[in-house]
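Each structure below is given as structure tokens.
You will see two complexes here that share chain A, one where it goes with chain B and one where it goes with chain C.
Presenting the complex of A and B:
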């Protein structure tokens, strides 16, 4: 049982996230106050949600470079609808549909037209960014006050943003327990053999991007309600942060292995590094450099230790049966 | 009620792999599809199961046409296939692999774990591997993987089963399991197409046979009516019975001297020596340390403590495959996945080892063509990707490049795995020439004891990482029976 914990692909990311959290608390003990927790979780909620979409794309041996632009587009489009007088529910529904459309566009390009995922989503990212800049070229606008107040509030001392993320994780739980997830893992791990086994691999890839679009839409909506305004460039860094987070969380760029929970832990770690850099008060000019170095170190630790732990676990699985076989002979 | 393949043709680039081939399989019939490497056997199997599109002709399953190139549709029509190169996903468990095509669901979208496990248990129980259903495929033994592949093909309850070289990598006990399941399938009114080039197995399992030769149907009929010699001739192999050449090898100096080897981690260390001009075989039951020795000599395995190997007195740079290759050790494996650059040209594949040998000139096209000619390799120009050739022809090219390298030592790991008799003879001939004429030390393993006995000058039989017998052609102690009884005796004593 214990082996299943330490050999899990997300285990190193969990350790890193806990270490980073402990370190963050030691430099800034005030972080545990409800106020700080609200600040932290509202600034990270969008990233934590977006990384789940990236995980879906990576799992099918794809990648999504349009995450940042997609989240930004949803953000400014939602604000535009609010300004046009749309109600909250209608706007949320419209944004979920927008997310599905973004995902479907990526999915069709990659699954059916068989374009390279890296280049296809790189191109769509500019289309989405262009649309976002058309809607709003500079930060501004206003989300409904009640929703913004709720997102930035707390219930029994727990930030509402964290409670909302629990719901997101429950939604992910359905994805991870679905029949589709097993077929997506197979397709990502070995597309040719998956097709030979009778799986509709093209359709599965399309579906993975469509589902990723839902998480992009949710991320965009969360950004809207956490920040309260629209900004076409706010979520741009999400693209690479979600990839870094997912990989640190044990999701393989070659597809087929990893989990959404690991990816979230990786994203937590990635998000904490910049908070810590801020917390220890280094000059902003050094911040990027330090964050980059910590990310590199995290990546190296996770990849190396992950391989080592997997090999150790595999040996442990094989050895007992080999010995049992010998004594039986 | 038959599976009919009608007038099937298929081209790969300029090579015509199949030319107007027809065959039919009825209920209770097991038809053998026999032929040499590159004769179109596997292509035919893949067209029948919806993996490849036919250039011309059609596939009818119980009078319903296979309309699209889709394994899922072939499966739905009632055709199951086992792949020579497996269709199992290594990262998934055997249980997950078995339910992939038809995942049991709850509420329409959730994976029903209970039913999935029950399905996997039921399917794997038929091949006696239910206990391994939670183990990832990549952790299974080769024979176990092929049994899981069989369970997977049977799982959709196909009326027609296409079996492509399934038994080649199986142990005898595993072949028995297969034989039982095949008999059950046929007794239940199913049909089967058994693709193989091993005559004893064809005779055992099949009642009818279709022989392919260069993509054309050379013979079709009842298997009982024809002799093995006829079949070999129709398949184009000609009558090329191999006779061990009696020419006494030159008693060369000790070329490779290995000390402190630990082929199995728990066993005490051993010393081995290999002579120039001699073909030494390493035999025994599977996984007794053969792989460790060969991989160590080829620089592909990091040495354990105390392991030392010298090549003509100079220490080999163990663990550094490029340096070892540059010192004159060539490695050939029967596992083409790890040997060929499938998408690169034949020329580049021939030249690949020279990259590691700084200062050695690259062989030019004339040299490459000359080496290929000596192996009767069928190819459509050395600019074509090697992946377009049949497995046997790819294998011959890997061995042919040793001719150009002129190495001190050749390490050949089951290098005739899955290739037909004629190609196998070509490879043997070449290895003999490299050893006896060019004076290389050749170190081979094989999953076939008959092959070791026919090819080698000397065979070391390993058991538990120890040499338990040394058989020599010069001393007339070497034959297949001697190899088998050496390791079988050991097995009984334990």
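Presenting the complex of A and C:
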């Protein structure tokens, strides 16, 4: 039982996130006050949601470099619709469809047209960034006040943004329990064997990006309601931060291993590092260097320790896996 | 697809796909605007291509080295280098040699750090170089804070925009790098070992190839070449800022892959990468000539890039 806990791929991320949280609390005890939790969760909600999309892409041995541009596009498009007088529900529905379309475009390029995921999503990120800049070239606009007030509010002392994220996690729970998730993991772990076992691997890859598009759309909507305005460049850092968060969270770049919850823990850790750097009072100019060093160390520690723990548990169970040989190389 | 292509008579010409794409872009440019084929515009395109080709040189080595080799720190190194040259050399020529020595050494050391992470810590190259690029961006911010960027001195500036015998210095430097890289890949022991490591690292190790040395040299060379590209970029733009190099990371990867170097490693040539860089520069020049704003330029270059990738490099499986 204990072994199952510490050999879980997201165990190192959990430890790191708890350590970071304890450290953050020790430098800034006010972090748990409702006001500062609202500020903290509204600034991170978009990243936490976007990392789930990145996890779907990575799980099928892909990657999504268009996350940042996609979230930005949803953000400015939603603001544009609000300005055109669309109601809240209609806009949310339209943005979810936009997210599906973004994901479908990536999925078709990668799954059916067999372009390399790294380059295909890089190319689509250009298209999405261009569209976002076309809709709005500078920050501005206004989301409906009621929705913004709700997202920046709290219920019984718990920030609404966190409650909304619980719903996102429930949605993720549906994904992670589905037969599709199992097929996607099989495809990511070994596409050839998965295909030989009769799985439609191309279609599964397409589907994984389509679902990633839903999380991109949700992330874009959350950014819209948390920030209250549209900015074509606000979410650009999400692309690399979601990759860092997912990898720290135990999602393997080689596909097939990891979990969405781990990826979220990784993203929480990524977000906490900059909060801590601010909390210990370093100048903002040094902040990025410190965050960079912590992220580099986090990435190295998690990947190394994850492999070490896995090798340990593999030895304990005595399972002849091809993976062990590959990771040793 | 390769098997089909081999039977086609055009495929005997090396890089037929890239050359055809360049011809297509030149014809399209001529139709859009007659001055597209003017000597001035073509030199401008070649200068930008040379800059991108130098930035892609290290990337080409790393991608050939295989085992998921990729260098995401190229752009960050270019930014840091541009800021440091700006801060250390100032607008005089005296400090330039020392500055160049410092930044090129630093670039190689950063590359070495990447190589150590890849080889000794056995981390994914994407993870190591991404993490290292976070750190370098932080360093660049701290450095820019202590040494505000200045205008380049006459020497650096003439490298960036000056000409020698009517040919831009950037193009000459790009040509020298192309010749050196081709010699390095084709005729040196390191070059042959690099392809072996890229195609099958375990077989290479069994055959006695010093794998560790090859990997470390490859990543160090990538850092060094990124630093060279950073100096050239600073001369060309004539100013430095914190995001000056960032776009070059992915552009270098795209140019390399369009040029026929497989992301799976073990194959590819630098001439291909140069042609990939020319294609990339022609596309953006053509879109500027069309008088499009930056937003539509991004969108259309993304669509064209998808088309080019589709035509030149689809995954085998």
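In this text, the second predicted complex is superposed on the first by the 318 of 329 C-alpha atoms of A that agree within 3 Å, B and C clash if a C-alpha of one lies under 4 Å from a C-alpha of the other, contacts with A are read in each partner's own complex, and residues count from 1 in each chain.
Please note the rule applied: a residue touches a chain if its C-beta (ideal position, glycine included) is under 8 Å from a C-beta of that chain, and two chains touch if they have at least 3 such contacts.
Note that this is a predicted model, so its numbers are computed, not measured.
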item: Partner chain(s) touched by A:138 [first = chain B, second = chain C, both, neither]; value: neither
item: Which superposed partner A:243 touches (first chain B, second chain C, both, neither); value: second
item: Contacts of A:174 with chain B and chain C, given as first, second, both or neither; value: first
item: Of chain C and chain B, partner touching more chain A residues; value: C
item: First (chain B), second (chain C), both or neither touched by A:196; value: first
item: Partner chain in contact with A:182 - chain B first, chain C second, else both or neither; value: first
item: Partner chain(s) touched by A:257 [first = chain B, second = chain C, both, neither]; value: first
item: Which superposed partner A:101 touches (first chain B, second chain C, both, neither); value: neither
item: Partner chain in contact with A:118 - chain B first, chain C second, else both or neither; value: second
item: On chain A, the residue positions that both chain B and chain C contact, one per complex; value: 329
item: Chain A residues touching chain B - in the complex, by the definition given at the top; value: 174, 177-183, 185-186, 189-190, 193-200, 256-257, 314, 317-318, 329
item: Residue numbers on chain C that touch chain A, as the complex places them; value: 67-68, 70, 117, 121-124, 126-128, 130-132, 134-139, 141-142, 145, 201-202, 250, 253-254, 257, 263, 293-303, 305-306, 309-310, 313-315, 317
item: Residues of chain B touching chain A in the complex; value: 51, 71-72, 75, 83, 86-92, 96-97, 99-101, 103-105, 109-111, 135-136, 139, 152, 491, 494
item: Of all residues in chain A, those that touch chain C in their complex; value: 65, 109, 113-116, 118-120, 122-134, 137, 191-192, 240, 243-244, 247, 253-254, 283, 285-293, 295-296, 299-300, 303-304, 307, 327, 329
